[in-house]
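Common to both upcoming complexes is subunit A, partnered first by subunit B, then by subunit C.
So, the complex of A and B:
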């Protein structure tokens, strides 16, 4: 038992190291991309939107919302990469014959997804907020809780996009994932507006938003980074993110059996 | 001594038109150090059996014993003893030839010095040294195939499964790969060779197993089989046997319909 655990962990670690090695080649371009995104976001949220009349108290929540949009776009790319591999390269078939259990192998994919999302979003959460300066209005920041919510959000998105790559056929994924899955998740997930504003506008639409796990990603990050009474309480967002992770894993398990049928 | 014992394997797939058995109660023993040729026409179940033996997919029922123990009870140890070279090339496209081999050694937890030495040896044996820094996409089909076999051998496996290793290769490259396969046997490695090239099976295999519609049609020593059939080529014997099997199946179906 202990030997199997050690073997699983060591092979898992080697696979993570391989992914990190491959990522290291792209790190320079990712950092350049990250810097460009930060510059554009700061220009838009620090100057253009205030000039267009956006209320100062909406700048920070919407800025966080756009980071989630970026994560969705990034997740789509990661999902597509795995789907392409399952369909064409089949490198995953080689990995499935390595001396580690499938749960550990899928853990490798989760870690890889999370690291890639982290590398892209960290500059926005750090440099972006610093550069926005007084435009990013906060009430009460909770750094520790932010780390917890950030981790859970990355874990949730990694699980969800991993399940997308195994649940659908290549053709369906290409034709329908954006219009039928990602666009509703994005538009009805509180990326563009804080949930309480939506609920005040229409309770029905507000309830609809609560069925979308991205609402809890957005609201959780806002509540911990901005603070104050304008967002869903953290004791709602964290459990709901855990529910989102569980549902994603259930979908993922179905996708694994259907597409890969592994031992 | 049997290194693998395949016991009553059934593999059922669900299709929109119902279910069908890709493997239907397949049982056979594989001896240590032999080359077993798995033959059959397209759809006979060769690749399904290889992928079950490679632990890529589970059987619907039945078991596979490795040195007397179920591979599903000793999965990690069995995988360490196994090298799998699939029909569809699945190398790591983001790494070079050398990196593919180095990481393969690391995945099997070999010490770093051994990994480097082994990769060097295999690149020399498989004439890959000049391609060491090439990306996989830049290689020809034959070279990719050699990398694939080299990768399967990185951790010194006891059993190697080669699923259609020479499909689509030029005749000269096929000959080179045959030499490598013979070298594996000389080193005492058990080889399961899936092929539908009968000349290849005849030259390389000690024994052959012919699959037809998911069932074992025949398991025999190649030499004995040829002497029994008055030294006809394996191709002639194969055609006669599969035709006979199809004829028997058609007669059985007809009798059932009449009955």
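So, the complex of A and C:
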């Protein structure tokens, strides 16, 4: 048992190191891409929309919501990589033959995706907040809880995007993933509007938003970074994120048996 | 010349026949899902939550500009086949042996523009049917609006075809993030041009170089009207000029990639 665990961990670690090494070569380019996105978000949500009449107290919550857009863009890139690999190169077939438990192997994909998201989003997120300056008003920041929510959010996104790349056919993915999955998740996920504002405007729509796990990502990040009574309580967001992770992990397992059929 | 026109039409017919196979999913996505999602979010939620209950005009102005994303993504779906083909099967080599290369490109642009326009023609009427009062159409010229959608589809198709001639598949993701996204956002996807001008006159002046801005300004002029948006005729003329520029440039890059005589 202990020997199997050690073998699994050693192979797992080597694969994580290998992917991190590959990432180190792409990091500069990914940071430039992320910086382009964040600069535009700061311009739109920090300056242009307030000029169009958006209330200044919405600047900070909507900017935090835009981190989801950044994560979705990065996540889409990750699913594309796996999708192309499954369809053409089948490097994953080689990985499936390694002396590594399948759960550990898919753990490698999750961990690497989380590392990639983390090193790309944190510096840009911080730069965005600095760029917004006094427009980014906080009430009570909870750094420790932020780390927990951020970790869970990245874990959720990683399993969700990996499941997308295995659940659907190559053609369906290209034609329909954005209109039928990502756009509804983004638009009805509290990324653009704090949930309580939506609920105050239309309780029915507010309840609909609660069915979307992205709402808990956005609200969890807002509650821990900005704080105050304007967002969903953190003790609601964290358990709901755990539910989201479980569901997406189940979808991922289904996708694995459907597309890869490992023994 | 007659033979050329015949082959041009045959190629166009071939593309329509192939495109017909994926019509169902595109019809659902672009006639139902996108207009409903965007209208609900930007006409209904955003205009009420961001701007207050009596600011439907601003909600309408933003929603009208949002069609830009559908225009550019859909025309890209119809034109990016060339990019993959240039790197893999080279079916294009067979086509240019039958039809002059410039006509092959013109045929692809015509096909992409027509399909994009047909798919997006019901975009605003569907939104109006569902979100009646939220979509302010008291000053709307529906014919001008559809003309702008057509000219926008024509421009986006020629722009995307040019990019298919220039780019490699490995560069797609970077190109969308570094080029298309700034063009979209500074092209009036989120806010009209006069807001950008108000924020920074320099940035406002730079938007005149962005062809996508003429699409959104023309659409807003047709939908809402008023002197805060650019006149329709300027938008049409500028878009036709940018379209010609894209077509001529794509001839040059296509020649480089295919090395035809």
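FYI, the second predicted complex is superposed on the first by the 256 of 263 C-alpha atoms of A that agree within 3 Å, B and C clash if a C-alpha of one lies under 4 Å from a C-alpha of the other, contacts with A are read in each partner's own complex, and residues count from 1 in each chain.
Definition applied: a contact is a pair of C-beta atoms (placed from the backbone, for glycine too) under 8 Å apart; a residue touches a chain by one contact, two chains touch by 3 or more.
Values in this document were obtained by computation on a predicted structure and should not be read as measured data.
Engineer: Answer with first, second, both or neither: which of subunit B and subunit C does A:127 touch in the superposed model?
Structural biologist: neither
Engineer: Using the superposition described at the top, determine whether subunit B or subunit C touches more residues of subunit A.
Structural biologist: The larger set of subunit A residues in touch belongs to C.
Engineer: Of the two partner chains, subunit B (first) and subunit C (second), which one does A:70 touch, if any: first, second, both, or neither?
Structural biologist: The answer is neither, since A:70 touches no partner chain.
Engineer: Contact-wise, after the overlay, does A:247 reach subunit B, subunit C, both or neither (first, second, both, neither)?
Structural biologist: Neither: A:247 stays clear of subunit B and subunit C.
Engineer: Of the two partner chains, subunit B (first) and subunit C (second), which one does A:16 touch, if any: first, second, both, or neither?
Structural biologist: neither
Engineer: I'd like to know which partner A:32 touches here: subunit B for first, subunit C for second, both or neither.
Structural biologist: second
Engineer: State whether A:148 touches subunit B only (first), subunit C only (second), both chains, or neither.
Structural biologist: After superposing on A, A:148 lies clear of both subunit B and subunit C.
Engineer: Identify the overlap between the subunit B-contacting and the subunit C-contacting residues of subunit A.
Structural biologist: On subunit A, no residue contacts both subunit B in one structure and subunit C in the other.
Engineer: List the residues on subunit C that touch subunit A in their complex, please.
Structural biologist: For subunit C paired with subunit A, touching residues are 22, 25-26, 29-30, 33-34, 37-38, 40-41, 45-46, 48-52, 55, 58, 62, 73, 77, 173-174, 177-178, 181-182, 185, 190-191, 195-196, 198-199.
Engineer: Can you list the residues on subunit A that touch subunit B in the complex?
Structural biologist: 4, 7-8, 10-11, 14-15, 17-18, 22, 89-94, 96-101, 261-263
Engineer: Across the complex, what residues on subunit A touch subunit C?
Structural biologist: Where subunit A meets subunit C, its residues are 29, 32-33, 36-37, 40, 43-44, 47-49, 51-55, 58, 73, 77, 80, 172, 175-176, 178-180, 183-184, 187-188, 192-193, 197-198, 201-202, 205.
Engineer: Any idea which subunit B residues touch subunit A in the complex?
Structural biologist: Going through subunit B, the ones touching subunit A are 54-58, 72, 75-77, 79-80, 82, 84, 86, 88, 90-95, 103, 106-109, 151.
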